[in-house]
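Following this line, the structures themselves.
Both of the next two complexes hold subunit A, though its partner changes from subunit B to subunit C.
The block that comes next holds the complex of A and B.
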């Protein structure tokens, strides 16, 4: 029980510290602002640890953070291999291919109203297919290795990207397009110098949505057949063996990878669309 | 008026333009006849819906007439557009927010394929002309509305077309800024000798700036009066208190009122 009381005590102390920090002059500075969420995160972990130990929760229901951390430290080579298979080979190439294909399709749709009427409904139809139905089929087509996982990711990423790019290409104002006309600009000049820059806020929204979909797609697709490594494979087999600490370790890696991926896109977005009202400071 | 023998820069004969809308056809321009000569400063004035903006857009080939003929430098408007015969200034500055002021001014030059050195040279020169020297590295949203509009004028001047088409360029600005920009525009016109088409709904602005004032009226959009201004080319702001100025302004107002009685 002492662990529980210690954790609750830590919680109250950290709470008081954060209240004080938020009111103090330190919260105006960079480090001060970073400190508040860090303290909050640490508190969640300590409280979790204290609750699990103090109340004697079974490790199958919820392992303590320290147990998960120990598992990560021991199984680092396995986790790295899984990460390479699922993220570096499955999710990221699929993400890039899907986004690239959506981009080319969006340009084609933009050039031809015929395709606009034909391709968007088809894209919509594909997006409506359930991934649990699609993944086994793609595993049949492309084999157990990462290729089939990348294919699932391509399918998942394609439609949200397409919709966002098509919408983005119409985002420039009429006056801005008229200006291009008065300068006698060609289609590609207007696309490159006006319509693509104006589309960037939409494209980055699409990329952010697609980045989480890519992760989900790559992991879930492994449930339907994979070599004996990969994050989805690890989760499904370790659940069967009641190795919940390993499942949590894999989840931690997935969460970390997802956050880094998303953060990277946000950083690039801030750099590319610095001019947009939502990014100006 | 001057050079009446030479060919007009812009010439409309029996021009008609009908928009097809959901409520049926709308006659935006009806039987418009007008010739604009080299070096003229022509204002188009009238209530909204009189077709003044439509006419300017038709000159720029942004709208397409449904009848009659319209020539710009002896060509069709679309040919003239592709030959970059004119600079166009819209109601709002329409600067691209991801480009700096200098980058915006340079944009038409990039599209028209000027060399890098010439782009720099011309950008600097026109920014100087509109008194925005030193603001080239700022982004549009960092400048006031008046400065943004001056930047958009610099952008229209950068490639040195002989014709400048301006659609209520100062409409959104306050009176003091507008006076100042009007004065600067006159100086610029005197210095460059460009042919200017200028849409406005302000009588003092039209009278102050123009060598000719075209009064238009709505439903259907048509020309009701063309007034040649007797004012001298040199025009200090206080010319607006002179008897001649007030007489022309009166005639414009009468013309506008006559147009309204027709409804």
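The block that comes next holds the complex of A and C.
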């Protein structure tokens, strides 16, 4: 019981600290902004640990964070193997191929307003569909290894990317395009120097959405058949044997991978679209 | 409708491509059969045979259409083979998750707009929560709820759906509740309006267009969440379970029919939400 009370006490103290921090001058500065969510995250972990220990929750229902951390430390080689299989071989190649294919398609239909008007509503609709359902079909076509996972990711990423790129290519203003024309710029020059840079905020928006979808696709595809490693495989088998500490360890890796992936895209976005109002500080 | 013609052209193009792909992919099987029988086949003989296989690699559109029609209208709607029945199960999960997601998103947004400390501590984690692949959590949520003695799969499915659908609502509501400008807030202050009155009379109405705009995204996300919740854990009801069954028994037609039923359901949901949005906007006098 003491663990529970300690955790509750920690929670109240941390919350009071956060309230004070948010109201203080420190919250206007960079470190202050980072500190508040970090304290909040730590509080959740401590509270979780305290609840599990204080109430004696069975490990098959919810393992404590310390148990999960210990599991991660012990099973690091297995987790790394799963990570390579699912993220490095499945999600990232699929993400690059899907985004690349969407980009080429968008450029290909760029000169035909007719096709654009047809493809945009269709693409928008398909982007809202539960495309994960294609996973079993693609696993049937491409086999159990990473090729089928990459294929699922390609299909999931393609339509959101296409819609965003086509919308982005229309984002430059009439005046700007006219200016390019008065300079005698060719189609490709105008595309390269004006319309692509103007499309970048849209493209990065699409990439961010696609990064989450890529991980979902790669993991779901493994539920339908995989070699004996991979994050989706690990989760579904460990759930079956009630090894919940391993499940949580894999989830932690997935969460970390997802956040790093998203963070990387945000960093590149900041570097590429430094001119955009949302990036100016 | 200036958009109808281009859309129809694109759709027709997709169907043509689909038929071509079906012929190419299913031809292998026909050739194998012919080789085993010791005969050779010409393309003129191959093509009809690729259209009518029982377990084609890629079923051509008319086979999927027939299976879909059979599943939707060929059975009593209470039958386990009826896609209407499975679609209803999925629809129920979607709506529960959608409702839960809306409530969670709106409440969190209210707290975030009201308390600066909530904004600073919760908002970054809400963003991070969406980078966590929810499917990783799905099997665990299902076992967890059965460990806790919860009957049925409705609640865990709804939780997964809500996890995906709360985020668009949250982001839009935060934006919407903050959309009144300083002049309007000052005006309410001169009226002597308190915190509650400002919220009810200014912030909430101002946020409504943002709210409805987010619903379309949220309902699609909720459907994806429900199907993902049905996929991995041997569920027996719902469109996701239908896909799983098709996959396990090697019946591609069942898979494709379930996939298209899910697409139709998604289309209907988005249509209905769009209709509600338009009605609400008209009622509030917001220009479309």
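Heads up, the rule we're going with is that the second predicted complex is superposed on the first by the 255 of 281 C-alpha atoms of A that agree within 3 Å, B and C clash if a C-alpha of one lies under 4 Å from a C-alpha of the other, contacts with A are read in each partner's own complex, and residues count from 1 in each chain.
Criterion: a residue touches a chain if its C-beta (ideal position, glycine included) is under 8 Å from a C-beta of that chain, and two chains touch if they have at least 3 such contacts.
For clarity, every value in this text was computed on a predicted model and none was experimentally measured.
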Exercise for the section: Check the residue A:5 against both partner chains and state whether it touches subunit B (first), subunit C (second), both, or neither. Expected result: neither
Exercise for the section: Mind working out whether A:275 is in touch with subunit B, subunit C, both or neither, as first, second, both or neither? Expected result: first
Exercise for the section: Considering only the touch criterion stated at the top, classify A:60 as touching first (subunit B), second (subunit C), both, or neither. Expected result: second
Practice task
Return first, second, both or neither, reflecting whether A:187 touches subunit B, subunit C, both chains, or no partner chain.
Solution key: neither
Handout entry: Between subunit B and subunit C, more extensive residue contact with subunit A
Key = C
Practice task
Would you check which partner chain A:121 touches, where first means subunit B only, second means subunit C only, and both and neither mean what they say?
Solution key: second
Exercise for the section: Mind working out whether A:175 is in touch with subunit B, subunit C, both or neither, as first, second, both or neither? Expected result: first
Exercise for the section: For A:80, decide between first (touching subunit B), second (touching subunit C), both and neither. Expected result: neither
Fill in the blank from the handout: subunit A positions within both the subunit B interface and the subunit C interface are none
Practice task
Would you tell me which residues of subunit A are touching subunit B in their complex?
Solution key: 173, 175-176, 178-185, 189, 193-194, 197-198, 273-277, 280
Handout entry: Sites on subunit B touched by subunit A in the complex
Key = 60-62, 81-84, 86-88, 90-92, 94, 96-98, 107-108, 110-112, 139, 141, 159
Fill in the blank from the handout: Within the complex, subunit C is touched by subunit A residues 15, 18-19, 21-23, 27, 33, 36-37, 39-41, 58, 60-62, 114-119, 121-122, 125, 128-130, 132-137, 139-141, 211-212, 215-216, 219-220, 223-224, 231-232, 235-236, 239, 242, 244, 247-248, 250-251, 254-255, 258-259, 261-262
Exercise for the section: Write out the stretch or stretches of subunit C touching subunit A in their complex. Expected result: 2-3, 5-11, 14, 57, 116-117, 119-125, 128, 130-137, 139-140, 143-144, 147-148, 216, 220, 223-224, 227-228, 231-233, 239-240, 243-244, 246-247, 250, 252, 255-256, 258-259, 262-263, 266-267, 270
